[in-house]
Amino acid sequence: MKLEEFQAKKLFREHDIPTPAGIMVTSAAEAETAAQEIGCPVVIKAQVQAGGRGKAGGVKLAETPAEARRAADAILGMTIKDLVVHRVLVDPAVSIAGEYYIGITIDRRKKIPVMMASASGGVDIEKVASETPEKIIFQDINPERGLRSFEAKQVAFQLFDDKKKALAASSIMVKLWKCFREVDASLAEINPLAELSDGSILALDAKIVLDENAMYKHLELEELRLPTPSEEKELEATRHGLSYVQLDGEIGCMVNGAGLAMATMDIIKHLGGTPANFLDIGGSSSPEKVVHAMELLVSDKNVKAIFINVFGGITRCDDVANGLVKALGEIKSDLPLVVRLTGTNEEEGRKILSDFGISATGDMTEGALKAINLASMGGGSR
Amino acid sequence: MKLEEFQAKKLFREHDIPTPAGIMVTSAAEAETAAQEIGCPVVIKAQVQAGGRGKAGGVKLAETPAEARRAADAILGMTIKDLVVHRVLVDPAVSIAGEYYIGITIDRRKKIPVMMASASGGVDIEKVASETPEKIIFQDINPERGLRSFEAKQVAFQLFDDKKKALAASSIMVKLWKCFREVDASLAEINPLAELSDGSILALDAKIVLDENAMYKHLELEELRLPTPSEEKELEATRHGLSYVQLDGEIGCMVNGAGLAMATMDIIKHLGGTPANFLDIGGSSSPEKVVHAMELLVSDKNVKAIFINVFGGITRCDDVANGLVKALGEIKSDLPLVVRLTGTNEEEGRKILSDFGISATGDMTEGALKAINLASMGGGSR
Amino acid sequence: MSILINRHTRVMVQGLGRDGSFHAKEMVAYGTNIVAGVHPGKGGTYLEGFPVFNTAQEAVEETEAECSVIFVPAPFAEDAILAAANAGINLVVAVTEGIPVLDVSGVLKELNELGVRLIGPNSPGLISPGESKVGIMPGGIFQRGPVGVISRSGTLTYEVVNQLTAAGFGQSTAIGMGGDPIIGMKYNDYLELLENDGDTEAVVIVGEIGGSDEQDAAAFVKEHITKPVVGYIVGRSAPPGKRMGHAGAIVEGASGTAAAKVEVLRDHGIPVADTVEYIVKLISEKLGG
Amino acid sequence: MSILINRHTRVMVQGLGRDGSFHAKEMVAYGTNIVAGVHPGKGGTYLEGFPVFNTAQEAVEETEAECSVIFVPAPFAEDAILAAANAGINLVVAVTEGIPVLDVSGVLKELNELGVRLIGPNSPGLISPGESKVGIMPGGIFQRGPVGVISRSGTLTYEVVNQLTAAGFGQSTAIGMGGDPIIGMKYNDYLELLENDGDTEAVVIVGEIGGSDEQDAAAFVKEHITKPVVGYIVGRSAPPGKRMGHAGAIVEGASGTAAAKVEVLRDHGIPVADTVEYIVKLISEKLGG
């Protein structure tokens, strides 16, 4: 779960990490009031989960409250990388003397959290990493012991010569780790970490991604979820025990198992078709789940054919077939449907389906090909 | 720093460890009100840092608020092991089905915290440990990882067969560890951990000793300090950088260094005298410190002679002598004084003292003997 | 022969709720040597003929279990894994899905110290056909044979194995490593074991988007593995930044794409199949079936 | 010869405040091979001819320091010790008094993993007369010779050493283990080193109330030490439950009393002196001085 800047900054403040005292608003009028309250100049920043806001015109400086209003008016409603801006953050403008980078993430290879820091802040850190990797300092973090003060100081004294600044930065690093650990983040980033002209150090931007697996520990953080429309659909699927990601192809897929679902998308593409989505219905054959899955597929206007690909493992094919039959009885749709069913109790399952008028195939490639052909024939009338 | 029962129970409650909802009061009238509020029967418990309160009559059951008043009246002002009772805890009386023991302490040999648990609770655990050690279950605690749920369960299922009780007890164990770790305790004990007739488990008594070294982390806990009169004197000494323990002998000792201070007491005893105190003035020779130290000794009515034993190491003897001279000039006392001074710049130091009219010795045994003789001659007129 | 488990491996099952009990039965039916179950409060009872204990420690003490499979729900799974590892179990198979990533990271530190191997979490387990299965794989589709299968997925493994079996290529051991970002054993750990396994003649690596384990495996194969290895990577049509079911299946940065993985595998001399059918064809070429 | 430190030992000083700077000078004056200082913000400066660094890591990298003495105030000492140990220092001497006991316990876990020895905390340090001193002991009273001294105290060590020196018995190495309840190396660790040290002919153990280290030492001496050992225990007149200066000098339970310790030492064949003078007499008997 990705947080927006204003949310991440709130968490930072709760962990005593210095950030500008900004105000999030959703209208131009509120932006003007906020600017008055904060004192101009202010910066108006689009709150979207996308990089490159600045280039897209999503960040504007305002010298007066009236300017702040105009800037907010221009930014609100703007579309940045397919995302509509609904919120802006009004931050006090500061005088920047230097920009640095600190981020903590999970190193899958080392299987531990790692802190990265760089004196080249304020820019795309992936670019720094690929073009001038020597400019990034890496600090492993022992997951049991956390980032210790001495480790942070080792890094901070490489960024700053001045004792006060180095100690301020190392203290922010340790707090960033504490925040990361406490909210179970998979990413916590300050870019830029700014040195102001008065010598103080603060987090000018903030990015936090939370570990979905850990949300059960942090029910209060669940309330921070601000899904985009496509995420809304994915979330709704999650609530029904489904894992769904929308794409823009024509073949709606329903598969049991994430790996098999990806393989299904791939084979469709391999055979010249276009998958409309990733959809994993998991191991269970409950008709309710299948109904919700079908509804998801049918609601996608791009879908021209549906391919259901089930490998009966522990789940028996006859159970799955019964579930499908029950589900299909409830769904009103004349989209062409291809079912592939194989594995445990395959025969029984296919019989149930054929009694319902569906002739299932046992082969995934064959099923995919059939779905592609049906889709190319224009699909059903909708 | 030892906490009284009501304080330890408050910390327990803050850590979600179930305890009776009692009220601490300092007068019989308040005890009656508390009993009314809680609902009778109640138990009135003397709040003193001493074992064996029950045997001494410091714990009484009261069936009515009036009885609670009488019980509190009897207990308040009582003396238990030299300690006057100033506070009583009014606890709701409960129906006990079983008594257990849980305690966490520091194992100096293993250099880690250790939890002890026993089905023989409510009695002196040291007695159980020495007479029937097999009745105590030991669980090492990794100081970095803490007591984990599975470790607590391993212990709890040895105390309780019933799942609900075992899980309740293991949860209390983990919380007891969290409390221990969070307040930097050196002992946290629940004795008895009671199983009530309704099957619930709760901490009926509570004991916590805090690590003095860690008090700087816990300024809020410093406010819980309720020193006895003798501790008051020790605390006052601590505030002046001195380490003081009062005994009941005749020779007041002032020494630099804890080990040497103990050796000084021992030699006095070895030679037939009685040390009046332990007093370590540390490594510094500041006259202020020496003045306070002298005041401590002089204020002890049992003292008949003073023995100052200084080994000049890093601290130079001449510095110490100057400090002594300055200090002695400020203190009004005609108690006989013996000074032993040796080590770095010994000659210079002795010269300074002899100019002041004090002939210092270089030998500890000789000095101790001289002090004992002076004390046995009746000491100074006071 | 096989790797990690065989018919003698003494297995215990932690978490005997609905799923744990069901799969315990399935394992017993398959022939797995289940010696104990662990479920607080069920100590003293029996399930399918094996005794159940309140704690892992007691179970290991009483039954000398050496492998444990975890069905405990995510919030309690970390504790269950540590309980098993500290009780003396040397192979833990975590089926549980949804354990917080940072917690798994901490668990692995402790398991490394204890010298305990972890498969998963979020793993379907592993199977040595005809010997033992530990986890939730459907035993029926497997057949004893010369192919080792290492996968990040469950049903996709079954798909692959089903076609291998249909074509006459049985499996020595098939493993689902688990779909989480941080997992215990990885391709390289299994590859090393399969290389030294007398029964294994070829290995199929089933990979997916996210992370760089497949790249690591490619380098490892080139340097250390003499047996033929065949690759298969799914998620070619996955958009970046989106979690494709598995917590670990998400493209972040260039190295996590399927294309990058396929390229590195091929660069290291490992043929990569575009479809499941093609895996069978490659294996058949290697083993001359 | 001597144990743990000699004239070649490369020592760094962490914490160059008032005390640290003073004792750094004293150590340099004694001849200790101080190669570096560590004090955040003082990096790039020099003190008594040695360079000062901002971090322990940098100091060790630049100077190959192998031993570090800690003067950092208690709230920051844990971090300083861990910084030294993780930087590659293999012997840490913690002079700092007042580090919370649980923190020391955690530090020791990590130091054990790293294979780093800790003397203290709350230790006056150690000295190998004529070679090196690390800590705050007054060099002038020590003299090179055949007696190893292991003590839980500072000034009492000086008292003992002063009389030994006056009687002509110099010291191989004298160590103040530290007065805290949990400390790094203990009697047995030093005894083992002194047993194997060519220069050491006899050992004095200076003990005090609290804990049972002296009892452990008695058993260890009986089993492993061939050189003569003499004991001295202070705190005979200490009341139970009271902290006598040192955080570790507190009688809790029967085993912590001076009487119990004296008895166990004697039971294990170790003569115990009642006074400092008597230590000298016992040593003189053993060494025939």
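By letter and in written order, the chains are A, B, C and D; residue numbering begins at 1 in each of them.
The rule we apply is simple: a contact is a pair of C-beta atoms (placed from the backbone, for glycine too) under 8 Å apart; a residue touches a chain by one contact, two chains touch by 3 or more.
What you are looking at is a predicted structure, and each value in this text was computed from that prediction instead of being measured.
*Asks:* Measuring between Cα centroids, which chain is at the maximum distance from subunit C?
*Replies:* The most distant chain relative to subunit C turns out to be B.
*Asks:* Between subunit A and subunit D, tell me the centre distance in angstrom, where each centre is the average of that chain's C-alpha atoms.
*Replies:* So the centre of subunit A lies 56 Å away from the centre of subunit D.
*Asks:* For subunit C and subunit D, let me know how many angstrom lie between their CA-based centres, rounded off.
*Replies:* Centres of subunit C and subunit D (C-alpha means) sit 52 Å apart.
*Asks:* Using the touch definition from the top, which residues of subunit A touch two or more other chains?
*Replies:* 144-145
*Asks:* Where in subunit C do residues touch two or more other chains at once?
*Replies:* Expected reply: 110.
*Asks:* Sort the chain contact graph into one of these: line, ring, star, complete or other.
*Replies:* other
*Asks:* If you go through all the chains, which pairs of them touch?
*Replies:* Here the touching pairs of chains are A-B, A-C, A-D, B-C, B-D.
*Asks:* Could you list, by residue number, the parts of subunit A that touch subunit B in their complex?
*Replies:* 144-145
*Asks:* Taking the complex as given, what residues does subunit D use to touch subunit A?
*Replies:* 40-41, 43, 54-58, 76, 79-80, 82-83, 86, 110
*Asks:* Could you please specify the touching residues of subunit C with respect to subunit A in the complex?
*Replies:* Per the touch definition, subunit C meets subunit A at residues 23, 26, 74-75, 98-106, 108-110, 136-138, 140-141, 151-159, 162, 179-182, 206, 208-213, 216, 234-239, 242-249, 253, 258, 274-277.
*Asks:* Mind pulling up the subunit B residues that touch subunit C in the complex?
*Replies:* Touching subunit C from subunit B are residues 145, 148-151, 153-154, 157, 163-164, 166-167.
*Asks:* Where on subunit A is subunit C touching in the complex?
*Replies:* Residues of subunit A touching subunit C: 106, 108-109, 111-113, 126, 142-144, 181, 184, 186, 211-214, 216-217, 243, 245, 247, 249, 255-263, 265-270, 275, 278, 280, 283, 311-314, 342-344, 364-365.
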